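Following are the structures in question.
After this come two complexes, each holding chain A, first together with chain B and then together with chain C.
Right, the complex of A and B next:
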C-alpha cells in the first residue's frame, strides 16, 4: 500500500523552485518593471563604459568659440556657456549621479533595515536608545544635515555619499522598526522561536521579508529625492566639486541660461527623470514580485 | 513509578501590568505521561495558552519548575535549551497566522530541520519534507505553494508537519482545531491520534471545546483563572465531575435531542473575577452556589479524592 503511494508520489514529483527563481518568475510578468530594469541596465552600461563613448577631456575642455551651440550633429546635446560638450558631460555625469543615488540608497537601506529591525525586535532600552539617536538625526533637515557633514568631512564624492546616507537612514529605521513591532507578535515568529531559531535568523528570514514592501517604496522615493538634494548641495558649492559633471550640478549650473537656452536644463532634467522613473518602476515591480500574495 | 515525561511543579507566570500582577498561571502542578494526552480545558483568558507556552519556555515562567524526564529545563542555559527544543514542539491555534506568508510549504516544513541542523544534506532534506507531507496527508504538488493559497485544514496540516519535523516526544497543541470547521476538525484530530499511535507522542491538548477534549484526551485538567481546579481521567471527569465549576462546565454542553429542549440549566452567575492581584482562597468562590465562609481560607491545593481524581474544593476533604 505504502509502496504504491510512494511510487505515485515519485511520478508526479514537482521540482522545488528556488526563491530567487520564483521572484524572477513573478517579476518578469510585470512589463513596466522589466522596462524599468532594462532602462537602468542601459544607464549603468553608459556609466561604466563612459571612457569608451567620449574621452574625459571633452568634459572639461572649455572653448569660448563654441559657447551655447544648440544641439546639432556635431554636439548632440549642444554646449554650455564655457563651450563644454554637453553630451560628454551627461554621459560622464551618469557615473556620479547613479553611484551617489544608488549608493546612498543601498547604504541607508542596509543600515536602516538592520538597525530598525534590531530596535523593533528587542524593544526596551535598546529601542529607546536607538530611536532617540534617530530623533536627533531627524530633527535636523536633510539638506542642513548633509551640509554639516560635508562641511565637517570636506568636499568630495565619498563624503557626499556618507552625508546623503546619514541623512536618509532615520526614515528607514523608523519604517522598519514600526513594521517589525507590528510583526513580532505574530504566531509564526513564535513558531520559529519554538524550534530554537536564533534572533538573527528570525530577523532576516522571518521578519525582514515581511516588511520589504514599505521599505522598497520608501527607497524608490528617497532615491529621487537624493539626486535632487545633491543638485541643491552642488548649487551652494558643497556637492560634487566642479568641474566634475553630475546631473544635478549641471542642472543648477545652467539655471541662469534656462530662458534663452532651455536645452541646457532640459537635457540633464530628462536624464534625472529617466533614472528616477526606472528606479520607481523597478521598485514597484520588486515589491509585487517579493509578495507572493499578490501573485495573479 | 517511572518518571513522567513532563511535570510542572508550582509553575507560575505573572504578567506585570500597571494595576498589579496578572496571575495568568498560578501554582499549576500537572503531569503528562509518555504516550498519553492531557487535555487542558477552561474558558477564555484562564491561562491555558500561557501554561502551554510557559512549559516550552516561549514565555519565561515567573517561578516553579518544568521537569522533563525529571530534569528542570528552566535551569537550562541557551545552548542546552536549543538542544532541548527538539524534544518539545507546539501546534498553534490559528493556521492563518502561524505560517510565514513569505515562505513556501516546503520551506516552512524544512525550517526547523535547517535551524537545528538535524539534516544538512539537501537531497535528504527534500526527501524528509516529502515524507512529512505524506505523513500528514498533504499532496506532493503543494511543495511550491504559499500558505495563503491553501485552505485552513491544509494549512493546519503544514503546522502539524512542522511540529513533527524534529521528531519531538512532547507536543503542545494550542487549540489546534478551534479555527477549523467541524469536518476538518475531525480530520485533524484523527490525524493527530493516528500519529500518536504510530510515534508515541505525548500531547498537551489545550482547548475550550469539551467534545474535542473528550475525544482525544486520556486525562483532563480543568483550569479556572490560572489555577488547576480538577484533574481526572476523561471517563471519570465526565461521569463524576466534583468541582462546582467543572459541573457547571459540563452542564453547559448542549444535548442534541428534542427530549432535552426544555432542560433547565444551571447558569453560573456573575463575571470572572479579575486575574490581577486576586484575593487568596478559592477563585471561583464568588460565583459558586456552594460557597461558604471557609472558601476564602488560603488552602486550595489539589487533593486526591478518588483514585487519580484530584480536586481543589473545600467540599471534598
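Right, the complex of A and C next:
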C-alpha cells in the first residue's frame, strides 16, 4: 500500500520536473536568451559583491585634485567633477538600479496576483468594483502616476520603490484576472471545490500555479521597463537623490559636463542599456519557451 | 454607430472624474504645505492665514474637491497657485508644442516603422530581418533621455546641424523639432516594428493569402491589398495608445530638449504642489487618452468590416431583449 502511494508521489514529481525541464530545454535553444540570462546573472553578481570589488568610501569620496580624469588604467571609467571614481559609482549603481527594478516588480507581482486572483475568482460585484478602480488607475500613464506619488511622498529610495510598485500593480491585476477567469471553469478547480477545499487554498494551490507562465513573462518585460522608468525619474530629479549612485542619477549629475567629458554620460547610459537588453532578451526567450505557439 | 460613440463618450466622464479624484486625493492627503511654498518662509501668520483662506484650504477635502469640479464643469480651470495665471492659459501655451511633437513623431514612426516591419516579416530570418530586430531591441532598451542627450551631443554640439536649445517663446523652426521628434519616436518605433512584423507573419501564413497567391496576384498586391489590411488592427491599437500617452507630453523628451510642453508643465506643477495646474493638466491628459481610445475603436470598424457585423449582432441582441 505504501509502495503504491510512494510511486504515485514519485510520478507526480517526475512530471513536474519534466515540465520545467521542457521549458528550460526550449529556452536553451534560443542563444540570445541564454546570453541575456548570463549577462543578467553577471550583473547581479556584480551588484551583490560590490563591497568586495570597491569599498563604498570610493563612491562618495571627493578629491578636487583628481577631477575629470579620462578613463585610464588607474580610473577605469574616469572621474567626475568632484573627483569621484566613476568605476566605483557604476558598480555600486548596479545595486540601486537592479534592486529597485527587481524589488518593485516583486512587490507589485505579489499585490497584483492577490488582487487579480480574488477579482477573477469571485467575479460579480467584487470583480467589477476592483476592475473599475484599475481602469481608472490604468488610464493614468505609468510615469505620470509614479511622478505624482514621488512628488507627494518626497524623494528617496523607499518612496521610489512604493511609487514604481503602485504604478505597475494595475497591469498585473489585469493579467492575473484574465488568466484566472479563463481557468475558473476547468474541471480540476471544480473538483477541488467539490472536495471542500477553501477558496484561498484553491487560489493559492491550484489557480496561481497554472497562470504563472504569462505572469512571469510580463514580469521580466515590465522589469526592463521599470529600470528605464526609474532612471528617467532620477534624470528628471524625482528618483534616487544625488549622492547615491543610481545610474540615472549619475547621468543626470553629469549632463552639464557632457560637452567636454562625454564619457561621463556615455558609460552610465551603456550600463543601463546592457541591463535592460539582458532583461528584454530573457523576457522574449521565456515567452517563446513557455508558449511555443506564439513563436514565429 | 453614432449611439455607440455617444455612449462611449458618456462612459468617459466617470473615468475622468475618477482620475481627477485620485490625483486630488494624492495631492491633498500627503504631507507638505503648499501655502508655505507660495508665501515663502518669512511670511507672518496673518498673510499665511489669509492666503490659506483665499485658496480655500481651510475647507474639508470633499468640499474643496466638489467646489473645484463645479468650476470645471462651468469651464473654469482656476488659477495657478504659483504663477497666478489662468490654468487654461498655461495649457493653451503648452498644448500646441505637445501636439506638434506627438503628431510629427507618430507620423514619422509610421512612415519608417511600418515598412521596416513589413519587410522584416516578408523576408523572415534574412540579414535585413535580423539586423532590424537587433536594432529595435537596442532602441527599446535605451533610456530615452540618454538617446536624446547623445543625439544632442552628436548633432547639435559636435557637428552643429541642429540648434541645441529650444526657443522659450514661439514654436521654433523645423530644425528645432528634428532631434526631439527622433528621440520621441525611437522607443515607440521598436514596439511598432515588432508588432507589425509578428502580425504580418501570422497573416502571411493564413489560407486566404495562399489563395490570393494561387490566383496569380503579384507579391506586391498580395502584401499591400490582402495582408496589410488584416495586419493593421494591432498596429492601430498601438499607435492610438502611443498617441494618447504622448498627449500627456513626452515628459522626458520635453525635459531634455527644454520644450515647454504639457509634460514639462505637469512635472513642474507636481513638484511645486500647484494643485490647480496639476489638476488641469491631468484632466486634459485623461480626456485626450479617452478620446483617442474611442477614435481607435471606431477606426477598427472601418478597417475590419467583420467587426461591423458584430455591432449589428449586438444591436439585434439588445433589441430582442427589449421585446422580451
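Here is the rule we go by: the second predicted complex is superposed on the first by the 208 of 296 C-alpha atoms of A that agree within 3 Å, B and C clash if a C-alpha of one lies under 4 Å from a C-alpha of the other, contacts with A are read in each partner's own complex, and residues count from 1 in each chain.
Just so we're on the same page, a contact is a pair of C-beta atoms (placed from the backbone, for glycine too) under 8 Å apart; a residue touches a chain by one contact, two chains touch by 3 or more.
All of these numbers come straight from a predicted model, not from anything done at the bench.
S.K.: Give one of first, second, both or neither to describe whether A:135 is in contact with chain B, with chain C, with both, or with none.
M.R.: A:135 contacts chain C only, not chain B.
S.K.: Have a look and say if chain B or chain C is in touch with more residues of chain A.
M.R.: Result: the larger residue contact count on chain A belongs to C.
S.K.: Name the contact category of A:125: first (chain B only), second (chain C only), both, or neither.
M.R.: neither
S.K.: State whether A:195 touches chain B only (first), chain C only (second), both chains, or neither.
M.R.: first
S.K.: Considering only the touch criterion stated at the top, classify A:65 as touching first (chain B), second (chain C), both, or neither.
M.R.: neither
S.K.: Which positions of chain A sit in both the chain B and the chain C interface?
M.R.: none
S.K.: Taking the touch rule as given, give the residues of chain A at its contact with chain C in the complex, in rising order.
M.R.: 132-133, 135-137, 139-141, 143-144, 147-149, 151-154, 224, 228, 231-232, 235-238, 248, 251, 255, 258-259, 262, 265-266, 269, 272-273, 276-277, 279-281, 296
S.K.: Enumerate the contact residues on chain B facing chain A in the complex.
M.R.: Within the complex, chain B contacts chain A at residues 53, 56, 58, 81-82, 85-86, 88-90, 92-94, 97-102, 104, 106-107, 111-112, 115-116, 126, 130, 134, 140-141, 143-144, 146, 148, 159, 162, 165-166.
S.K.: Applying the document's contact rule, which stretches of chain A touch chain B when the two form their complex?
M.R.: For chain A paired with chain B, touching residues are 5-6, 9, 12-14, 16-17, 19, 22, 186-188, 190-198, 201, 205-206, 209-210, 290-293, 295.
S.K.: For the complex, give me every residue of chain C touching chain A.
M.R.: Within the complex, chain C contacts chain A at residues 15, 18-19, 22-23, 26-27, 30-32, 124, 137-138, 140-146, 149-150, 152-153, 157, 198, 201-202, 245, 248, 251-252, 255, 266-267, 270-271, 273, 278, 282, 285-286, 289-290.
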